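Labels for the chains are A, B, C and D, by order of writing; each one numbers its residues from 1.
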Amino acid sequence: MDYTSNEMMTVAAARALTSDDVCFVGIGLPSAACNLARLTHAPGIRLVYESGTLETKPDVLPLSIGDGELCETALVTVSVPEMFQYWLQGERITVGFLGGAQVDRYGNLNSTVIGDYRSPKVRLPGSGGATEIATGCRRIYIVMKQSPRTFVERLSFLTSLGHGPTGRERRELGVRTQGPTLIVTDLCIMKPDPETNEFRVTSIHPGVTRGQIIEATGWPIRFADDVDETPPPTAEELAALRDLNARTAKAHGTDGAVG
Amino acid sequence: MDYTSNEMMTVAAARALTSDDVCFVGIGLPSAACNLARLTHAPGIRLVYESGTLETKPDVLPLSIGDGELCETALVTVSVPEMFQYWLQGERITVGFLGGAQVDRYGNLNSTVIGDYRSPKVRLPGSGGATEIATGCRRIYIVMKQSPRTFVERLSFLTSLGHGPTGRERRELGVRTQGPTLIVTDLCIMKPDPETNEFRVTSIHPGVTRGQIIEATGWPIRFADDVDETPPPTAEELAALRDLNARTAKAHGTDGAVG
Amino acid sequence: MSEFCSLNDAIRRLVRPGDSVALEGFTHLIPFAAGHEIIRQGLTDLTLIRMTPDLIYDQMIGCGCAKKLVFSWGGNPGVGSLHRLRDAVERGWPAPLEIEEHSHSAMAHAYAAGAAGMPAAFFRGYRGSDLAKVNPNIRFIECPFTGEQLAAVPAIRPDVGIVHAQKADRTGNVLVEGIVGVQKEVVLASKRVLVTVEEVVERFPPGATNAVILPAWTIDAIAVVPGGARPSYAHGYYQRDNAFYVAWDAISRDRDTFRRWIDEHVYGRTPA
Amino acid sequence: MSEFCSLNDAIRRLVRPGDSVALEGFTHLIPFAAGHEIIRQGLTDLTLIRMTPDLIYDQMIGCGCAKKLVFSWGGNPGVGSLHRLRDAVERGWPAPLEIEEHSHSAMAHAYAAGAAGMPAAFFRGYRGSDLAKVNPNIRFIECPFTGEQLAAVPAIRPDVGIVHAQKADRTGNVLVEGIVGVQKEVVLASKRVLVTVEEVVERFPPGATNAVILPAWTIDAIAVVPGGARPSYAHGYYQRDNAFYVAWDAISRDRDTFRRWIDEHVYGRTPA
């Protein structure tokens, strides 16, 4: 069956979620992955958006983090201070999804600037919830398209803590949560080495070569001893994802699917 | 017209309130005074109880600070943390009513213990909201029956700050609010000397002598240069107060009026 | 994830001797039935946490459940003293009772800090009060921007939090209405959570977009106990039994009268 | 005490050049009409505070209203960049823009601290982030109980807070429903407060015991501006104009296109 690398990435991210998870969902691909999981193998998953909606069940993907449908389909909607205080900082969330413009080998993320902070080459949106999502959720899953510009040797700016600049800073900084345990890209799946916390490739998507992955990574990427091949999207997964995207495109009056 | 000293005290306290006030109301006499003001000359007054009820308009006096009628007649009910954070500490309240087992000449209050804290002669209920009501409201009105055991030279324990042990400690402690500006007793009305913050008698209730007041005060009480006679309760005030107490007694199934 | 069970099972599963336990409810929704079940199960050495000990802790203290009380206002509201509390503090009966005393503002902030995963609460409080002299858990920090002294108290994180609420749905989500006190905070601050409810409903009433709702995944056990807050009240269900609060003064004043009342009304009752 | 007046009068009375101003609303209830009136009145040198600058601040910045922006996420949600914001930051057009950058958690805590009369907010945040290196308003304190490092940011206390809400009653109390964001906090944190509303009603719908209601005495001015949150949305009234958010990308990319849009849609409109 035909599918895009974007679809493979979304499906692979969705598979990492279970019905026991409480997810802090960002807009775009994480939102697609979380809702795909909810519509397929993880119907019990609870989705939380930083706008304050708890256990939301949107029929279409939201364009923004505070879309009306998130509230209308939620169990309850709390204030934004309460969301960050009681729910995120209170460590009630099992999985936080993050992306960014840059990630390094230890899962540290940049969503602030490319270049110098005071005279940036590219000014990015900034942290939003990411800085405290990175430390408040029990685990972090990172979803990003892989390229040498995004998977970098050194971040321009560390917006959100992964395992720290040398992979060992979380405990030193008093952070109790696990940090990034998974990176899903359009090429492969990476997990941290248990000793060094450096991300290594553990599964390669169908049709992708090691060479492609090496070229698409700005640091000398390592491969786990046993590297799997990612099972391709099933017909059910693809159908559910495409339905979701079609509903979304129709609802938002945009030409293409968002996320 | 006949009236009790308790009625005089309640009426005198009620008169200090205006339709512009937002009152943090305690149970007992303050509750009677605030609701009397609302039912007579200050219909616009907004009553707040620490249980979280904003702008409550009870038909009978509550037996406790969290009675159902307070919520049923309120504009809205907020959580107790929000009440203490946003409404009291946020300095939204113009007048806080306080009482206690002991008050000193600077309006400092004790509602914790008589005797030593570790082996008390009498264990009192403790602070409740009083400690931060004393510093969070713009002004404090104290209402207490006067006797040498309650108006004392030295407190057993300072639960709630008035003007401080020497009358000058509020500013030093970084407190921005005015503190106690009025004491109403069953004998008289006192206000602080503008220079020393020592409470002095400014108005004497009808039929009370200076000698009675001196005997009922544990410190050498002073009198202002111009001492007024408190106007006696009017027929309207007495009728409103007695109706309120009768409704209350009936509603609570108790023999006598509470507060 | 919340599981429906009997009150007896819930207390047996969640509460252990020596635990710190918070039974909350600000005048409204005080979980009396759960407190009585703790008495019946003979749990002791508890650290009891509650802003207003009220009659429920007066009863538990009088029955010897507590070794320590953390509180901010210890009276019978509108009536007078809590005689069993005073007997324990002043004369050590039936057991000595250690007390940690706060203000309402401090405890409300400390519950909120517990819910928010903070180690401590910071607030503009305790200024000029002697409470800071007798409670080593009241400290002060300096604001790093203004230099102002701010009070600090440790976050409250009970081993067990117990509240009463109006409604659970079949999934085990819980709705609280009316005076909500610190209900949400104690649930989110506690390691193990029991909620007793008036009833189970198919779905919550409409218009609850911003209501106080506790998701099932914040609760361990739900026990359906109609009337579980009596003699306090449940908004929309029954009123406060003010006459009993007044009557408690005479019942509790004397150790023997108290014992007889407990024998008849707590031990003599079948658990829910 | 809230007074009903026209939007034009309200902005004239409450906002002065150089003020710090927070127009809040988390995706929902963004007070666009009020922002447009600020543009029409030619107010400048404002410090604009908002978690997500969104299109409203992109427009105000592009019109030269702002000298400084305090924010935590500066994008067009689901679409891309805010081009007027980037043009101001990267090229100083139409005026240089100082930025103070935070995380969402920090700003949410800072608004709550402002509402609570605190000088600063304390939270478990900013750990390991470079944001603390570039923003001197991010500091750390030590927990006096655990020794843990905690982040501190100054409380936000705007000169003027502006929010949009669904309903006011005749007394001037305001009801907010749906995604309530930091609406209550910005109102309580601000020195002067304007609320624009969809409509005035005789009384709020029943069942609002624990709703988000702002009493009249927390508000200075209320202006009735139906549609005042478009192209964002008002829960129960109208939906978000997602197509306009997408279209804004092209409109705002070019200075002249932007100017023409503002001329037609902001200056060309009669104030409400």
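To be clear about the criterion, contacts are C-beta pairs under 8 Å (C-beta built on N, C-alpha and C of every residue); 3 or more make two chains touch, one makes a residue touch a chain.
The structure presented is a predicted model; accordingly, all values stated were derived computationally and were not measured.
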Set of chains adjacent to chain A and to chain D: C
Chain pair with the higher count of C-beta pairs in contact (B-C, A-C): B-C
Inter-chain centre distance, chain B versus chain D - centres from mean C-alpha coordinates, in Å: 40
Inter-centroid spacing, chain C versus chain B (mean Cα positions, whole Å): 28
Whole-Å separation of chain centres (CA-atom averages), chain A against chain B: 57
Multi-chain contact sites of chain A, meaning residues that touch two or more partners: 71, 77-78, 85, 89, 136
Multi-partner residues of chain D (each touching 2 or more other chains): 112, 116-118, 123-124, 148, 178, 180, 184-185, 208-212, 235
Topology of the chain contact graph, where touching chains are joined (line, ring, star, complete, other): other
Touching pairs among all chains present in the structure: A-C, A-D, B-C, B-D, C-D
Partner chain C, residues of chain B touching it in the complex: 27-28, 50-53, 62-68, 70-72, 77-81, 83-85, 88-89, 108, 112, 117, 120, 123, 125-132, 135-136, 157-161, 164, 169-170, 173-175, 252-254, 258-259
Complex contact set, residues of chain A against chain C: 22, 46, 54-55, 71, 75-78, 85-86, 89-92, 136
Of chain D, residues touching chain A in the complex: 26-28, 51-52, 71-75, 77-79, 81, 85-86, 89-90, 101-106, 108-109, 111-112, 123-131, 134, 148-149, 178-185, 212, 233, 235, 239-240, 242-243, 245-246
Chain C-facing residues of chain D, complex: 116-120, 122-124, 137, 139-141, 143-146, 148, 150, 152, 154, 177-178, 180, 205, 207-212, 235
Chain B contact footprint on chain D (complex, rising order): 112, 115-118, 173, 184-185, 188, 208-211, 213, 215, 217-218
